[in-house]
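Heads up, the next two complexes both have chain A, just with different partners, chain B and then chain C.
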Partner chain A sequence: MGDLIVFLVLISLGYGFGKWNEASHYKSIDRREKRLVYLPTTNSRKPLGENGTVQRAYLVSGSVVISVDYFKRILAGLRNLFGGSVRSYETLVDRARREAILRMKESCPKAKQIINLRVETSSIYKGRKNQIGSVEVLAYGTAIEYERG
Partner chain B sequence: MKEAKFQGILPTHNDNVSHDHPLKEFTTLLLGAVGLILLAYWLLGFAVDGAVAHISPETEEQLFAKFDLPLADKLVDDPEDQARLQHLTDQLRPFVSVAYPVKVLIFKSSMANAFALPGGYMAISTEMLAKVKSENGLAFVIAHELAHFHNRDHLRGMGRGIVMTALAAAVTGPNSSLSRLLAPTSQFGQAQYSQARESLADQTAITALNGYYGHVGGVDEFFTQMIGMPEHPVLQPFASHPQLKRRIERLEQLRVKNGWQVKAVTPY
Partner chain C sequence: MFTTNTEEIPGKTITRCFGVVSGSTVRAKHAGRDLMASLKNIFGGELKGYTELLCESRDEAIERMKSQAKQMGANAIVNVRFSTSSVAAGAAEIYVYGTAVAAE
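== the complex of A and B ==
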């Protein structure tokens, strides 16, 4: 019975903190996305539009590791029994992907656009069976700066 | 062809995540898992009962002959008490229709307890012997354990224990946090079954006592002694035995229904 009480405490803490954390992260993501919407970021091989001569082109990257909370892990474990889309992990991956792209954009304030965007994901903890706890997302691309004039 | 001008637009709606409440999904999945486990436990319970019906006392003895004596490190060597208990057990056996010999063991424990163990052993704790005051009270405890042998509950209980462990491991994997969440479900199934078997054994025991002594004095002696021991009202559905008060009430109902008498008890 003691086991179950510990478990219920963990799952409640996981739910509470997880929800709070996620809400504040989404708030920050929304705010920063609005601010950085001016910077075109595409997977195009060539710069979009006629912008003059390219002065600099360089690799930019942004990466983030986000961990799942206890509640989400249990929910995913239950989902494992029945199959279907693992909804509890969707927000995790969504947040990680957007955060990585944001960090990449924030790393090059002078760029006029980022092309050749690639997003890669991997799970940390892979060696530990049944304990896949966090996801890493790496976003990278080519930042372009133009000559002034 | 003129190239399109890039325009930064943020999506108004996030289609990459589900907007259902996670607690809703949690409840649905949990109820489903609990239901599945109860169903599997129930069905496998039938399989255990079927298997137990095919295990004769001889086969049981053969099966468990290779195992060490149960509770070997706690056994108390008291030939006098042991002989008295063995004698009482042998006297009571025909009244519970247990045709094969049952060997009595006394073990040291601060808990008043008695077990029917596979291999034809009945273990009675020293504290139990200290608690009961009359031969009738002790006879009820012995008859209750004999009833477990008669009903083959010791094998059913063990079979269900194995099923429960296997089920937990199969569904969730050993030591996973999920098995901690689902363990109470199978414990509940186990406890409910166990309580039903205990009530049945009480019923057989009181009938046997009436047959042996001609009255049912002293049947609830042990339970009355135990009243006041901690019993958890919330956890009661998960306990292996029914509530003491309920057990005493049921015995009294049986006594009234069958018109059994209560006479003076034989001292022990």
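== the complex of A and C ==
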């Protein structure tokens, strides 16, 4: 009985906080993506478009570790029984990737373009029974600055 | 020292190639961070302690790679790649490698 109560408390805490957390994170991602829309990011090897002489090119990166909440983890566990797409983890990795790319862009305010973007995902924390607890995303690329003229 | 993850450095020409250089770090999280992380596993959200940890170890790995390139006499590293893995429970490895070159 005691176990059940703990379980229900954890699930409702996870549901409430997790939902609030995700909503506010998405809001912040949307806002920052709009602000950084001037900085094109491509995964091509060479700078796109004629923009003048390159003054500086350097490595930039951004990373984030995000955890999924208890409620979603249980939900994903249920999904394992029935199969199908695991929506709760889809939003987790989506948030993590967009956040990492945003951090990378924010780290180089002077750049005019970021080329050769690579995104690396891994789970560094494995919870009990090897369930994925959190994902780590590392985004990196080459920032380009042009000479003024 | 220039570092890029493209094969060439835009705006510069590569004059000499020195070969592959690499750097790696393995870092463990301390108990306090682990406690916060297990709380976050209930509520969801970013694990700031781990993000910081990864940033620090990434910077250190890059520094090690750069000092190796400097010893060779290179002034740039191209085609840099990162790879991360968890070696043991509670420890994360970051490995960074690239090609040391001389560029003008």
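For the reader, a short list of remarks on this structure follows.
The rule is short, and it goes like this: the second predicted complex is superposed on the first by the 144 of 149 C-alpha atoms of A that agree within 3 Å, B and C clash if a C-alpha of one lies under 4 Å from a C-alpha of the other, contacts with A are read in each partner's own complex, and residues count from 1 in each chain.
By our rule, a contact is a pair of C-beta atoms (placed from the backbone, for glycine too) under 8 Å apart; a residue touches a chain by one contact, two chains touch by 3 or more.
Worth saying up front: this structure is predicted, and the values here are computed from it rather than measured.
After superposition on chain A, the partners chain B and chain C are seen to fit next to each other with no clash.
Legend: residue contacts after superposition of the two complexes on their common chain; A:106 is shown touching neither chain B nor chain C. In the superposition on chain A, A:90 makes contact with chain B only, not with chain C. Of the two partner chains placed by the overlay, only chain B lies in contact with A:33; chain C stays clear of it.
Put simply, the three-chain overlay gives an angle of 110° at chain A, taking C-alpha centres for chain B and chain C and rounding to the nearest 10. In the superposed model, A:49 makes contact with chain B only, not with chain C.
In the superposition on chain A, A:58 makes contact with chain C only, not with chain B.
Put chain B and chain C next to each other and count what each touches on chain A; the higher total goes to C.
Of the two partner chains placed by the overlay, only chain C lies in contact with A:144; chain B stays clear of it. By the touch criterion defined above, A:22 reaches chain C but does not reach chain B.
No C-alpha atom of chain B lies closer than 12 Å to any C-alpha atom of chain C in the overlay.
For the contact definition in use here, the residues of chain A common to its chain B contact set and its chain C contact set are 10, 70, 72-73. Here chain B touches chain A in the complex through residues 3-6, 8-10, 14, 16-18, 20, 22-23, 25-26, 29-30, 32-33, 36, 171-173, 176-178, 180-181, 183-184, 235, 238, going by the rule given at the top.
The part of chain C that touches chain A in the complex is made up of residues 2-7, 9-12, 37, 40-47, 50-51, 54-55, 58, 62, 80-86, 89, 92. Of all the residues in chain A, the ones that touch chain C in their complex are 10, 13-14, 17-18, 21-22, 25, 45-47, 53-59, 61, 63-70, 72-73, 99, 115-116, 118, 120, 122-127, 133-134, 136, 138, 140-142, 144. Those residues of chain A that touch chain B in the shared complex are 1, 3-4, 7, 10-11, 15, 33-34, 37-40, 42, 48-50, 70-75, 77-79, 81-82, 85, 87-88, 90-91, 93-94, 113, 130.
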